[in-house]
Every structure is written in structure tokens, then in C-alpha cells.
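My questions all concern the structure below.
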Amino acid sequence: MALTGVLRPGHIVLRVLDLDEAVRHYTQVIGLFETGRDDEGRVFLKAWDENDHHSVVLREAEQAGMDYFGWKVDSEQTLDDLAVKLEASGLVSDTRWAPEGEQLLTGRRFQFTIPTGHRMEIYATKKTLGCMTGYDNPDPWPDGLRGMAPSRFDHALLYGRDIDANLTLFRDVLGFNLTEQVVGPDRKFLIGVFLTCSNKAHDIAFIRSDEDNRLHHASFILGGWHEVLHAADIISKRDVSLDIGPTRHGITRGETIYFFDPSGNRNEVFSGGYIWYPDRPVITWHDTEIGRAIFYHDRKLNEAFLNVTT
Amino acid sequence: MALTGVLRPGHIVLRVLDLDEAVRHYTQVIGLFETGRDDEGRVFLKAWDENDHHSVVLREAEQAGMDYFGWKVDSEQTLDDLAVKLEASGLVSDTRWAPEGEQLLTGRRFQFTIPTGHRMEIYATKKTLGCMTGYDNPDPWPDGLRGMAPSRFDHALLYGRDIDANLTLFRDVLGFNLTEQVVGPDRKFLIGVFLTCSNKAHDIAFIRSDEDNRLHHASFILGGWHEVLHAADIISKRDVSLDIGPTRHGITRGETIYFFDPSGNRNEVFSGGYIWYPDRPVITWHDTEIGRAIFYHDRKLNEAFLNVTT
Amino acid sequence: MALTGVLRPGHIVLRVLDLDEAVRHYTQVIGLFETGRDDEGRVFLKAWDENDHHSVVLREAEQAGMDYFGWKVDSEQTLDDLAVKLEASGLVSDTRWAPEGEQLLTGRRFQFTIPTGHRMEIYATKKTLGCMTGYDNPDPWPDGLRGMAPSRFDHALLYGRDIDANLTLFRDVLGFNLTEQVVGPDRKFLIGVFLTCSNKAHDIAFIRSDEDNRLHHASFILGGWHEVLHAADIISKRDVSLDIGPTRHGITRGETIYFFDPSGNRNEVFSGGYIWYPDRPVITWHDTEIGRAIFYHDRKLNEAFLNVTT
Amino acid sequence: MALTGVLRPGHIVLRVLDLDEAVRHYTQVIGLFETGRDDEGRVFLKAWDENDHHSVVLREAEQAGMDYFGWKVDSEQTLDDLAVKLEASGLVSDTRWAPEGEQLLTGRRFQFTIPTGHRMEIYATKKTLGCMTGYDNPDPWPDGLRGMAPSRFDHALLYGRDIDANLTLFRDVLGFNLTEQVVGPDRKFLIGVFLTCSNKAHDIAFIRSDEDNRLHHASFILGGWHEVLHAADIISKRDVSLDIGPTRHGITRGETIYFFDPSGNRNEVFSGGYIWYPDRPVITWHDTEIGRAIFYHDRKLNEAFLNVTT
């Protein structure tokens, strides 16, 4: 009981145009730590408070974007059970079991494509390195932090067409909960859905878009609003391309800043939000208030935010 | 899946020596909102971001302390199942079904006494009032906040003798997880256990003590370290009795301040901590480092903190 | 010695289109306190930590903007001396002695028009009300705060043509210091000058513009970056027109948000900056870096910021 | 005009028992930067936002404490004028002109002993290194910060007997202003005086004590309350001896933490406070409220704070 099933976003595999430049960005600007490279040259990274070997994987490619997104589940048994349920759901395609070790230091994974065309996987086992403060009389934060220094990879926002089917998949098959939604007139049309598998306000989110399989952003969590300012300063000090922020989201209440990695993949670092519970009503944002929903202070969307995805 | 079973601390029923004074403290100093009174004069309160009718109940009595602690579970079915498991566990005593409505606007409750002598209950249903920002295009915080303005009642720390049996009860019967522990020499002796039923670093904690059924503190969550300072200032402005703080806990990493209500019940407001997952190792604090574990900056315990309970 | 001569911005007199609406804005949104009204209906306001009777005066008029700006000097003797120096400088026009009491509860004032066409005055005496925490065993902040709750009126930024002459006037006649400047190619052309009469990074600033006698913004000081977020939230909660922010200035390092009063006068609330000393070199921003100078994170100017003045 | 005469605390020369240990403390824990050593092995340090070559000097000695305290004045002319005034005042003893270069990279200095036995000096010239962000299109903070990373040396608090004479000296001869005072019954007896030569709430402070020529603490300024927490965490991570904090002062409103260097000299890092002006009334704290005056949250003095000086 308590927290079971799908535990959290386990890893995101990002395509980058220049690997060295990307590694510099994710380690020096964001402040992740490189934990390994595989035979194909992919670079594995983790944040300081994460226990597992990696949460971000970078692959050099011709085009930026997300290769796939992995969810950690609580046990091999859950992995098997969810694989059966996913197959039976009729909502996923191109299912495949990836054997242990095909991803560096990671157990077997069940892969599938969701209705919006994004490739995802579930897995139960990954080598652990421990968080950087350790588990014996730990300090509250480790020495050696650099850059924005998020404690964890937190979530992603993905764009695609059939987000209704995604909602069904994540809620009814994978056991997620809908925390917030953006709706069109008469609440009849879903523009965006925010889903959690935990106490967090979101672990994954989908926005309706004309094009499938798009990444809007990969997000990392900070310790507070002063760390958002610190991140904003770093963005300017290092001439990183800023999208928008510092500001607050209406949705999730998070304090946020968006920027781009050197390949054009959007990153977010954020703090705050609320403690979500399954008996809390879904929060509904109406399309008339979508500006305030996304950027609470500006109350209007910028073009880049809506249209630039990878 | 995801978050199931026992959801969270649902309510704490506190005994206070002077009801009016207590209501003033919990509403004006802490900043809860009174939501109702029952026939016996008990006062019901909630924090601004809570959905349910109450999370704190005040009862006037000869002696301060905690009457009982209630856990909200995810469904009536879970309530029934857990009641059976609790009965079967042999770890609880004086079990009783309280009928719907016996507690104001609350459904049926299954009551029991845990090994350390504290009275607890589980329930699945309570009237909802909604959080103060509502669920349609909500603002991030409501007008009308006052005092320290915590968003939620968060947890309690209880003192008693057989905390080993408590650990078994909460972990094996109620599905909690052990997040942190304080141990004696050779890790052989449990001095304190911190347990979660969620992503939070703790939902309940027990410290070993010579006396059973003691309340160390009831804790409320704030939005950040600057709100801990604001709370500290209020403590002094209103001549509230301070225990210790502002400071940081080693355990949970939380930023904290402790103080006393007018009856001598200890309160905490805190912020921060980490996002816990079931695959994270238990953090162990050794008795040699207990000062740093409790008060990370001072690295020593004050007498009041150890010995004053209600 | 120490701090002498011109002490600080003493008051700004703003024209507003609808007095009631303006009073609501300056008292409920910004959080100043109304301290009086004069025979002509002007409304006098002060911030909570200010000792004198008023720092902002609102006058209903057909057109928004600034009537005049007042500087408090350290003594009646200084007032007389500076009046002589101003007359002798040849840099000011339309000089006039306003008798005691012509401005509510304010002593005699020496008025003049500066090269950029703005009306200013110096004065030495104003009735004191005391700051809201008092001067005997004061608390760090008073009860009754509301809105953004700045502690003081801090500075104004004005637009006009001959800012070189303004620089000479403020530096050589009034004893200000140049803290930062924005310059054109080869440092030959002044685009902006930031001037202090204290330890603050600026007490007044001028930006070169095609039109004289324009107000860019009146600014109030907050206690930190978390108060900038609080102000930003209030802006959205109360549907105030936002200009830009939260963000940071390159110039002065201040953390800031800009918005408009209901008449279109721009307001700023900000925090931070540095402690300035007269032996610190002037900071120079080159026109090629003007975006970063003004908005450090965005590194580009928005149209409204440049062109909207009153 | 504006800021003239004595500008600021220019340097403090501290005696330390082990130079290497002290350098590690002041550079790695506090985060000053070593800028030079002289022939006698003294180590010169500055904070990142300071323009001049040094603000802290460490000298190895048998006994901890303060050798002397230096004030920077605005010009050589002021230096000469103040030297004459000091001689004429009858309030200082053992006056001496130290020639240029006797202190590393520092101009001629006029030295004197104040009524409480502390050795002080004034000087107008010191080699400048520039602040670490430079003065051309500067970033708001530099790379390479470490430890608590204060921006400046801010003030010292000294203990001695005749603080009335000190008050006369600093106010009437050196042009300081009294900002706050702690008084005995009937306001007849000065327990403490807080003096400024700027807009800051204090540049020097004296507390009455039975013993002359004692150093209570040397203080450095941080950017906000979150940096006080960061400093507190560093204190514990590096096993530095904590005195008290994080907390708030009633006097000056500052947010603070006190700790000891390895030789037992007390350090403070703090943030906040108010903007002081010469027309602001003196704040008076009554001895009955001295606890709240010093430590606003605890409202009681700890023994170490009162009695441990060097």
C-alpha cells in the first residue's frame, strides 16, 4: 500500500546535436553528474539526490527531441503485471521487452508507444549509486554542487494529438491520477492534462497539439524560489537561451524558469507546488484563462512556448 | 495503484486547558480556520489548502495532550480491510467502530490503541469544504491568510516505550515505510523511527521514551524558509513560548521552528525536506550523532525538547 | 559628515485619472497607508517604515504623469545653501520658494525645473508620524500590513533629452554621485545615468529620450526576492497590468517587477542591490549590452518598457 | 555632500592562534579571498564585492582578539582634518601617524586609542583590486564563490567600559550617528550604542563591559535569509563552533548567525536590516527587553554571547 505501482519518472533519453556541448550544458549549467557512458556513446547522468544510476541519458543524433521516457515501478512483479495490462489495453503499440543490460546498468524493460506517439517504457531495476549525501548521518546537501543543482529529474511535458487516449492509458491502466486539466468551452474538450503517480502535482503532462511525439520540456526540481533566481542568473551568465521566467505557473503553483539546451530541447527548473492527494478534486482551467494557467504573472502565452517543441 | 491505502494524517484531537485561548492560538498565531463546533464544544479547524472539513480538533480538558490521531484511507473498502488486518495483527487493543457522525461530519471510524499507548483511528469519509483557492482557475494562495498560514497539518511526533512494535504495526499492517531511524550502538536499538505513507519524508514519527502515550509535537507545513522566519517573528510579536528554532533538522532536512500552544502542547511549523520513494534506502542516524540528527545547526539537544511532552 | 546634504527622495506627486481607483491601488495593491488629504483633494500616503508624513501624493488630473519630485535635505541651512547654488548654476529654471504649509504638513520648499523638464523641489522639514513599528523596543515589522507592503518609496526613473545637463546638476550642484551609466559607442554618448545621494545604488535615474518631462516609473523597496514573488502574485490576483518581471536588473543588481497603476503610471517594487560607496568605480554598461543591463535574464528590452511613459 | 567623511569600516586586524587554520576558516568557511601577505606573515583578505585590496588582516599571535580597526575616509584632506579634530578632542590617546606602505598597499594612517581601549585608525588610500564582477557590464555575482560568500565586511561589535565617551567621540568628532541604543532604568544608563557613518543600521557598535579592549564579533553581510541558512549548514558541515542562530536581532532587524573562528574570535554573517537616515529617531531598547533586543526570537541572552569575547 502507500506508494505502489509506477513510482516515478525514472529516466528520459534525449537526442542532442552535439554531445560534448550537451554534456557541458547538463553538467555545468544544470548541474547533473555524469555517471557513465555506454558502448554507443550515450552519456548517463543523475541529479545529486537521486539514488539510481541515471535519470537523464543523452544520445547524439541528427535531430533533437526525446527518444523515450522510462518509468520506474516498484517490483519485477508489478513490471510483469503492468506489461500484461498494457498489452491488453489496446492503447499502446510496438510493445517490446528489452533485456536486462540493454540499457546501461538497468534491468529488463517493457517498451511501448502511447497514443500521442511517444515511446515509453517501464522497468523495476537499476543499479543504485546512492544520493550524494549518503544514508548514514547525512548532511542536508553535499559538497561539490555546481550550476542550478536540482535535486531530481522531476517530470516532462509532451505534446501530441490524442491526449484523451493518453489520459485513459495513464489513469486506467497505469494507475495515475489526473490532478489538473485545461478544458475548452463547456468543459467538453481537453487541451491539457496533468497526471501524477505520487504526491506531486505532476509526474507527466500532455498538451494537445497538431503534431505527435513532441517534447515540450524536461523538468528538474529545485529547493525554492531563490534557487530559481540563481538558475536565472546562471542562464544569463552562461548565455543560455531563455524561454521565459522566472515566473509562476497557475497550474501546479510551481515557481519556474524555462530555457533551451544547446540542441533546442526545452528544460525547466522549478520549485514549489502543493502536496497532492487522491481525494483532492481535479483542478480545472478554462481555455479563457489559459494564459494565467500557464504563466500566472504574465497571463499570456508567448509564441515560443506554444510552438517550439523538439 | 500509485497512492493507495492510508493516505495521510487526517486529524489530530488535542486537549487544551482553555478553549478560547487555544482557538486564538490555532487561528490567529498558527492561522488555521475554524470550520465548526460540535455539541460537546469541540472546535474543528482546517488549514487553507486542505480539502476536508477539519484536520485539528480542540477539546477543553484538565490536562493537555493528544486524545487521538486519525488517518484518512482511500476508500470504505480499504477501511474495512485494514480494520480486519488490525484486529488480526495482535498489535492493537481496545478496537472499536465509531459510527458515522459521532465525529462531526465524519464517516464511520475504526479506533484502536497502538503499542505505545496512543489512540488512533482510520476513516474513509469526511465532509469536504474545498481548499480556500477552489478548483476552478485557482490562484496560488487565497486572500484572508493570517498568522503563520501553513497550508496543511502535516504530521505528529509521539513518544512511547515499544516503538519496535509500532514500527511493525505501521510498516507491516498499515503499509507505511520507514524513511529514517535513529539507532543505538551497533544499530541494535531503535531510538526513533520516521514513517511515511506517501512521498513525504514523514507522516508520523515515534521516539522511545520511558512513558507511553505522550505527544511531542503536532506539525504544520509552510511554503519555505522565509515563512519559517515569518513564523518566528510572529512567535515573538505575540509572546508565544518558543522551544527552539529557526533551525534545520538533520532528520528529513526540514527547516523548522518549535513552540508551545497556551496549554503546553508543542507545535512545529516547518518547510522543505525531500521527495521520498520506496526504493530509497532507510537513512540511519547513530546515537552519537543524535544532536545533529535533531537540530542540525546546534548539534545538541535542549532539555525541553527531550523531556517536555504532553 | 557621514550622510549630509540631500538625504533622499522625499516625495513624488503623481497625477492620476481617477482618484478613488488610484487610492485603492496605492493602498490595497502596493500597500501604502493614507495619512491625509489636503483642501484640493490630493491624497497623501506613506510606506510603513517611513518616518515622515508622506512620500507619495496623488492628484486627480486629465493626464497621468508626475507633477514633481521632492528631495529631503538635512537642514534649513542646507536648503538655503542649495537654493543659492541652484540659482547660480544656470542649470535650473522657473525657480520658486513655496511657503511652509503650501504642501500639507511640509515646510518651505525651493522649486525648480531641471534640464530634462522635470519639476523638482528641495525641503528640510515635514511633519513626522513615525514608522509603524515605533522607536521603543520595536518589532521588526508591524501588524496590519497588506498588499506588497514595501518599507519605503525608493527612487524614480525619468526620461528626457539633456541628461548630460542633469548629470552635471545632480553631481556638481546637488552633491550626488554617478553609480552606473549606459553609454553609446566609444563611451561618447550617455544613454542613461544612475545617481545616488546615499549608500543606495540609485536614488534617481535618467534615460535619454526624445521627449522631455516623462516619468518612467516610481519605485518602492521590498524585503527580498520572495516578496517580489508575493508582489507578482498580487498583480495577477488583482488583475493589475503587468509590464515585466519578476526578473533581475543588470544595473544595480536589483530583483524587480514592473506594473502600471490604473492611470498608466508605471510602478516598480524591487529588492536587493549593493551597498554603494563614493570610492567605488562607476559601472559602465555599453549599448551593445543594454538588454542585459536592464533585464538581466531576458537580455532584451520589451517595447512597452522603452516607449510607455507618462 | 551626500556620503562624506568617514566612509566605512575599511579593515579589521585580527589575532589568530594558528595562521593556516585561520586562513582556511576565513577563505573556505566564510569565503573571503586572500589578496596578499606582508613581510611579517600577515594575511590580507577581501570579500567578493569589495573594491579595495583588503578588509580583513590575520596576524598569528599568542592570544586571539583584535589588533585594530581601520576606517576609510573620503580623501587625504579629510584624513588630515579628522586627525586634527581627534587630537583636539582629548578623547583619544597614543596617536601616531603610520607612514604609507607600513600596512601593505595602504596609504598613511592616523592611529589612536579610543576610550574603551580599542586601537583604531583612519586612512584615505588603499590599492584597489576591483570587485570580482568588475565594472563593465558586470554580472550580479561572480563565478568562484565558496563558503558563506559574504559580499562585504560590514561592522564590528566591541566591548568596553566607557561607551559614553566612545559615543561622544564617534558622534561629535567623527560624524557618526547613533541609530539604536540599549538603556538602563529611566534611560539614564547606556548599555549599548549602535553607530552608523552611512545608510546602514550600524557600522560599529559598543556594549558596556567590565573589561576594556574586547572584541565581541566581526560581521560580514550576506544577500538574504536563505544565505543565512546556507551559512548555518556550512557551520555544521565543517564542524565550526556555533554560538547562536539562525535568528533575528531586534536591534537593526538583521537576520543573523554567530560562530567562532578556530582561535575563538566570534564571527557573524547576517542579512537584512533597514535603510537608515539622519532624520530617523534613535531606536531605544530598554534593559527589560534586552533579550528581545539582541535575539528577537529567543528573547533571552545566552551566557556565551554575553561573556565570551577576545
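Each chain gets a letter, A, B, C and D, in the order it is written, and its residues are counted from 1.
Here is the rule we use: contacts are C-beta pairs under 8 Å (C-beta built on N, C-alpha and C of every residue); 3 or more make two chains touch, one makes a residue touch a chain.
The structure displayed is predicted, hence computed values, not measured ones.
I want to compare two interfaces, A-C and B-C. Which one has more contacting C-beta pairs?
Higher C-beta contact count between the two pairs: A-C.
Nearest whole angstrom, what separates the Cα centre of chain A from the Cα centre of chain B?
Taking the average C-alpha coordinate of chain A and of chain B, the gap between them is 31 Å.
Which whole number of Å gives the spacing of the CA centres of chain A and chain C?
Inter-chain centre distance comes to 44 Å.
Just the number, please: Cα centre separation of chain B and chain C in whole Å.
Those two chain centres are 48 Å apart.
Scan chain A for residues touching two or more other chains and write them down.
139-140, 224-226, 233, 236, 248, 292, 296
Considering only which chains touch which, label the overall pattern as line, ring, star, complete or other.
complete
So in the complex, the part of chain B that touches chain D is made up of which residues?
Interface residues on chain B, with respect to chain D: 225-226, 229, 232-233, 235-236, 242, 245-248, 255, 257, 292, 296-299.
Considering the complex alone, what residue numbers of chain D touch chain A?
139-141, 143, 224, 226, 233, 236-237
Considering the complex alone, what residue numbers of chain B touch chain A?
1-8, 49, 51-52, 72, 74, 128, 130-131, 135-140, 151-152, 174-177, 196-200, 221, 223-225, 248, 250, 253, 272, 274-275, 277-286, 289, 292-293, 296
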